[in-house]
Amino acid sequence: MPTIVIEGPPLGDIEKKRRLVAEVSAAASTAFGIPVAAMVVIIKDNPPENVGVGGRLLSDRKE
Amino acid sequence: MPTIVIEGPPLGDIEKKRRLVAEVSAAASTAFGIPVAAMVVIIKDNPPENVGVGGRLLSDRKE
Amino acid sequence: MPTIVIEGPPLGDIEKKRRLVAEVSAAASTAFGIPVAAMVVIIKDNPPENVGVGGRLLSDRKE
Amino acid sequence: MPTIVIEGPPLGDIEKKRRLVAEVSAAASTAFGIPVAAMVVIIKDNPPENVGVGGRLLSDRKE
Amino acid sequence: MPTIVIEGPPLGDIEKKRRLVAEVSAAASTAFGIPVAAMVVIIKDNPPENVGVGGRLLSDRKE
Amino acid sequence: MPTIVIEGPPLGDIEKKRRLVAEVSAAASTAFGIPVAAMVVIIKDNPPENVGVGGRLLSDRKE
């Protein structure tokens, strides 16, 4: 605690996850004034057919 | 934002996901008075051995 | 179950909540093929100083 | 409702899930004074490369 | 981590929260084989006009 | 989308929220390769009697 949940598309590269966890934990530690050791970050990979933006599935968008 | 998370059993058929995202986004757009373009919907597929209802796993129920 | 969580700005009017819950529950019931009686919807009111879009708090935006 | 979401590392053994759901549902039923039949528990399995504790991925820790 | 989120109606009595946190943390510690010191539990109080069951707000039900 | 939810104790100071949202959004934008304009961050303030760490309520700890 604090616990941070990140919902996004799959982040294939583990190096990206490593850096994301480090940066988000550091930012939260500063904001809350709580040691970074207490920070928990959970990354949720969501497949594009399970996410809708603007009422349409990401898997149906050409972007 | 708004962001809507739907926790349920797996929805195998993508057409069901497509319609669910469209309908939920439209309902939320009307309620909040925010354009449907801003709506995010995330569908979470949960396997039956990871869900308990009434203290028992769905995978242990005959329903 | 299914359980649907709606994260948005405050929806002051209870009539809007009533309709949102009814419509989202009906859409989910159809998609999952599960009776509407089993649907749970939780509306989360988030104050504008607790939500950031595009890296800025909603309370700092003139929109 | 109530709905309880458990975020943790994978719980491979279904017997562990069975017992966890039963115990957590019983505890919540007592606390809320609501029949256990109404309790929903969702177990989320998170791979170690998607969880950061103390700013580092679990998959990078020797524990 | 593990992190457990409990969504329910308001649990007015702090003694109920105290016991709920203790019991749920113990059950999770046993299931995951992780010391209870690492368990995080977050209780979310939801007002009855923000929860829908069976397509209707709890505040509209006579139960 | 992506959507990031931060569960922590209350962050009284709006300047802390402002900076936290900016930093977390920037880190996620870099990781996902998605413009910061699409990032949503939701900060959840949790009172100490609703959070348990190590099986005990934060409001019962002398920290």
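Letters A, B, C, D, E and F mark the chains in the order given here, with residues in each chain numbered from 1 onward.
Keep in mind that, in the parts below, a contact is a pair of C-beta atoms (placed from the backbone, for glycine too) under 8 Å apart; a residue touches a chain by one contact, two chains touch by 3 or more.
Predicted model only: the values in this text are computed from it and were never measured.
On residue numbers, the C-D interface is repeated by A-E, which shares over half of its contact pairs, out of the options E-F, A-E or A-D.
Centre-to-centre, using mean CA coordinates, chain B is 20 Å away from chain D. Our note on geometry: chain B versus chain F, Cα centroid distance of 24 Å, whole angstroms. Counting partner chains per residue, chain D has residues 1, 3, 5, 7, 17, 24, 40, 42, 51, 53 touching two or more of them. Here, these are the chain pairs in contact: A-B, A-D, A-E, A-F, B-C, B-D, B-F, C-D, C-E, C-F, D-E, E-F. Contact residues of chain D toward chain E in the complex are 1-9, 11, 16-17, 19-20, 23-24, 27-28, 30-32, 34, 51, 53.
The touching residues of chain C, when paired with chain E in their complex, are 3, 5, 14, 17-18, 21-22, 24-26, 29, 36-45.
The touching residues of chain B, when paired with chain F in their complex, are 1, 3, 40, 42. By the touch criterion stated above, chain B contacts chain D in their complex at residues 7, 46, 49-57, 59-60.
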